[in-house]
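Here come two complexes built around subunit A, the first alongside subunit B, the second alongside subunit C.
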Partner chain A sequence: MTAPWLSAMTAPNTLVAAGGVAAVGFAAGVVGSLALLRKRPLVGDAAAHATLAGVAGGFLATGRRDLPTLLAGAFVAALAALGVLVLIRRFTRTRDDAATGIVIGVSFGLGIALVSGLPRWGLAGSGGLEQFLLGHAAAITGRDAAVLAGVSLAAVLVVAAAVKEITLVAFDAAFAAAGGWPVDWIDALVAALVAAMVVAGLPAVGAVLVTALVVIPPVAARLWTDRVAAMLMLAGLFGLVAAVVGTLVSATRPGLATGPLVVLSAATIFAVSLVVVPRRRQEGS
Partner chain B sequence: MFFGFSKKVVSLLVAVLVAAAGCRAPEPRPFGKPRVLATTTVVADLVRQVAGDRAEVECLMAPGIDPHSYRPTPADADRLARADLVVASGLQLEGRLAALLERLGTRRPVLAVGDRLPRERLLPVTDDLFDPHVWFDAGLWSLCPPLVAEALAGIDPAGAPEYHARAAAHAAALATLDGAVRGRIATIPQQRRVLVTAHDAFRYFGRAYGIEVVGVQGTSTESEAGLHDVNRLVDLLVSRGIPAVFVETSVADRNVAALIEGARSRGQAVVIGGRLYSDSLGEPGSGADTLAAALTANVETIVAALHDGGR
Partner chain C sequence: MGSAPHAAAPLLEFHDLTVAYGGKPVLWNVDLTIAEPCLFGVIGPNGAGKSSLLKAALGLVPIVAGSVRFLGLPLDQVRGRIGYVPQRETVDWDFPVNVMDVVLMGTYGRLGWFRRPGRQDRDFARECLDRVGLADLAGRQIGRLSGGQQQRVFLARALAQRAEIYLLDEPMAGVDVRSQEQIFRVLAELEAGGSLVVVVHHDLRTAAEWFDRVALVDRRLVAAGPTAAVLTPENLRRTYAGQLDVLDEIGRAVAARGRTP
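Right after this comes the complex of A and B.
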């Protein structure tokens, strides 16, 4: 007779969810590191808050609510929000953080209006879309997990292929531009990668908390190393560990939501890093 | 000058006429017939059974709508305020409507049938909160028609004998249905008499008819099922050889898909036994647009899936 907490952690549904979330955690850490190096950690937040409107839009456009359809809708919405952000930045004198605030508020408001409105406007089958607000790891099936792992793998491969260019732009955009690099396109690529990982994080962690997956592990990894490759790997590892620990722990007791536990696990890694990494290193970085 | 003045007068006159046209007399009410507004489809059916043709019964929520998360609009407030009598399900079923109903109750007759049922026959959720899904216990629900008759007689005293007679007939029909349902459920093998649903709306049903009810979600659709709950359910399905689970017309079914997959990976074939009516009856013409028809449909769905599914 195994301990109940152990059998809860090794139950098929737990392992499927943990597998999917682990892949997302790893890729989100890697991709988030690039956004952090480019000093735009909140790109993910703007994208994340727009996803809810995209989930509703994906349902409205197709009438289907399988995970790939809804996530595709969320990705389109996230890209649209980032596009609007770029336009505001370029054509107005609005400060960056104010522009981000506008995009977050408006797109999130739209998402909440749609997700809460659709069921009561009598659209059959529109119930349950609000699961993407706070995430719902228990509903992840094997096929869903495979989709999440696929998206994560693709994102990591893109980073591996373009890491040199992205790093160059991140450290000295002016120099890269002078050298003929397409800085805007590389920035757009990073933003799209962040949007993709935010979307992949939705089913388990939800639109409100998913930003933490692309911000906290990179910040923690940054404390440990100055080398880009090491930081990417470490951030991915932290993200993966946070995802697995959060998911497994949430399976041990009723009433433990997976998304918040994943985020709290990531925060714990960050706190431990703050204590363990020598202060001299932290100040030098 | 004179010309200019007359132009002003004309435009003033036009303005007054337009304004007068705008404030028309209030919509005339059909004479004699009291207007009753029911909140949910279940309650609307109850009121229609008792009122017959004597009252005009409208339903606030359309079929398929989840009353737990229903948000009233200003138009709803208007409809509520224009009704002669409002009948609600009560026991906090209409979560977001409750405050509005309470305020309305100070000015107009409002009957919340669930709140008037004897406390000792209700299933508590917490100390002072009861499970609101009372209607699928036909025996318990048969206490409601007299309450409705009394409320209708309050706004239409001339119709009192008619209301009370129809209420008695409806209560008797519910009592007959109660016995029939009990008999049907008893045909399911004891071991498999477990109803797993996406939303725990069948506790009264389970208590009345001797079938264990296990919800994937809590009593309200707003509490989420975590991984722990899903694992526990997979264990139950596997250990008792339960061949079917049920989704409801008004609740999401992604949770159920994960549940079925988990059981399958441990060697227990589980199918979706069919859709059950829970917080909402079917569309008019669906064959489940009355409580009796919906309850019968549910019972046949359950019996078919649990009885034959395992073979």
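Right after this comes the complex of A and C.
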């Protein structure tokens, strides 16, 4: 006889979901590292909070609620939020952090209003969208997991192709621009990759906490290494471990949301890194 | 003007250049021609627009009026022939790269999209590091260098660009005397090799001994030419005094410009 929690963890559908979420965790760590190096760790936050409205919008526009449709809506909303952020920065004198706060608040408010409002207005089949708030890995099917893994693989391949250009811009944007590199477009590419991974993390981790998946593993990885390539790999690895642990643990009890457990796993990795990595290294001298 | 560029086109030419940030002018009507390879110093007080002159030349800040030409050509046709050393404080020296990584960035322009530096590029980057006296620090994280060493890494990166025209923004700022001498020696070698080297510089004492030609800048061009002829007490007084009057005058002029369609 195996313990019930162990059989819940090793159930086939749990393992399939964990596989998809693992791929997302890896890619989110890699992509999040680039945003962190560019000193824009909150790009993911702005994108994440807009996804909920996009999920509702995707459902409203198509009447379908399969995962790819909803995530496509979320991706459009995330890009729109980042676009608004760029416009606010360019045409007003609002500070960067204030502009981010505005976009986060407004888009999240809209999302909450939609996912909680639609069922009450009697829209058939609109219930349950709020599970994208905190994430619910158990709802991920084999086909969903394949989609998430595909998106993750694509993001990692784009990074592998353009890591030289992205690193150049992150380290010294003025030098890159003087050399003729399209800095704005490379920044947009990084923002779009972050948005894609935030959206891919949505089913398992949820809109509120998915930012942590693109921020905490990179910050932890940075403690261990002084090279970009190693940082990307390590952040990917940390993200993968956090995603898998969170998904498996949440499977042991019916009521456990996946998102908080993934974030707590990532935070544990960060805390252990802080303790284990010698202070001399952390101070960079 | 307007004819095809010929061999005798000046290396660098600012024509009636005006630069402003958000309606605030930083440079006004600069007309300056550097015809021949030389060590050229851009001198002036803090906030005089010296850095903006370089940044405008490189397309990093918007030009309100006027134009810049390199070798008689617009910037986009000559980027690969220009080396640039930004101010050291503009980057995060805690970035996770080592000395070699930074110098290799100088080869990226030639490599283009997606191609990685190969063995030849690494060998060349090592040569560039050797020229600035940092060959044995290639593997060191850049945050663990002194200010002078960091500046020399930036210089090595510019050398790796294999340029004909080098633009350096305050390369001597916050740098120890040994590094200053080393940097200056490399710049003199570049000039001897036929390159134009334009240096934004704030130290008047060293300016006189280092540069063949200088421009005195204080939001406008005060004077330009051979160092001895330009660094006169009268010119220096005009450059370093009376900044407020000039500011007001330019401010009014830009405001007036903004109103007319």
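In the analysis below, the second predicted complex is superposed on the first by the 283 of 285 C-alpha atoms of A that agree within 3 Å, B and C clash if a C-alpha of one lies under 4 Å from a C-alpha of the other, contacts with A are read in each partner's own complex, and residues count from 1 in each chain.
FYI, a residue touches a chain if its C-beta (ideal position, glycine included) is under 8 Å from a C-beta of that chain, and two chains touch if they have at least 3 such contacts.
Note that the coordinates shown come from a computational prediction; the quantities given were computed from them, not determined experimentally.
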item: Which of subunit B and subunit C A:37 touches, first, second, both or neither; value: second
item: First (subunit B), second (subunit C), both or neither touched by A:134; value: first
item: Partner chain(s) touched by A:225 [first = subunit B, second = subunit C, both, neither]; value: second
item: Subunit B versus subunit C as contact partner of A:104, first or second or both or neither; value: neither
item: Touching partner for A:81 - first (subunit B), second (subunit C), both, neither; value: neither
item: Dominant contact partner of subunit A by residue count, subunit C or subunit B; value: B
item: Which of subunit B and subunit C A:13 touches, first, second, both or neither; value: first
item: Partner chain in contact with A:165 - subunit B first, subunit C second, else both or neither; value: second
item: Which of subunit B and subunit C A:180 touches, first, second, both or neither; value: second
item: Where subunit A meets both subunit C and subunit B, residue numbers; value: none
item: For the subunit B and subunit A complex, residues of the former touching the latter; value: 62, 64-66, 69-71, 221, 224-232, 234-235, 250-255, 257-259, 261-262, 265-266
item: Subunit C to subunit A touching residues, read off their complex; value: 55, 58-60, 76, 79, 82, 84, 86, 90-92, 94-98, 101-102, 105, 108-109, 111, 113-114, 116, 141, 143-144, 157, 161
item: Touching residues on subunit A, where the partner in the complex is subunit B; value: 7-8, 11-14, 16-17, 65, 116, 119-120, 122, 124, 127-129, 131, 134, 136-142, 247, 250-258
item: Parts of subunit A lying in touch with subunit C, wherever the complex brings them together; value: 37, 39, 161-162, 164-165, 167-168, 170-172, 174-175, 177-181, 222, 225-228, 230-231, 284-285
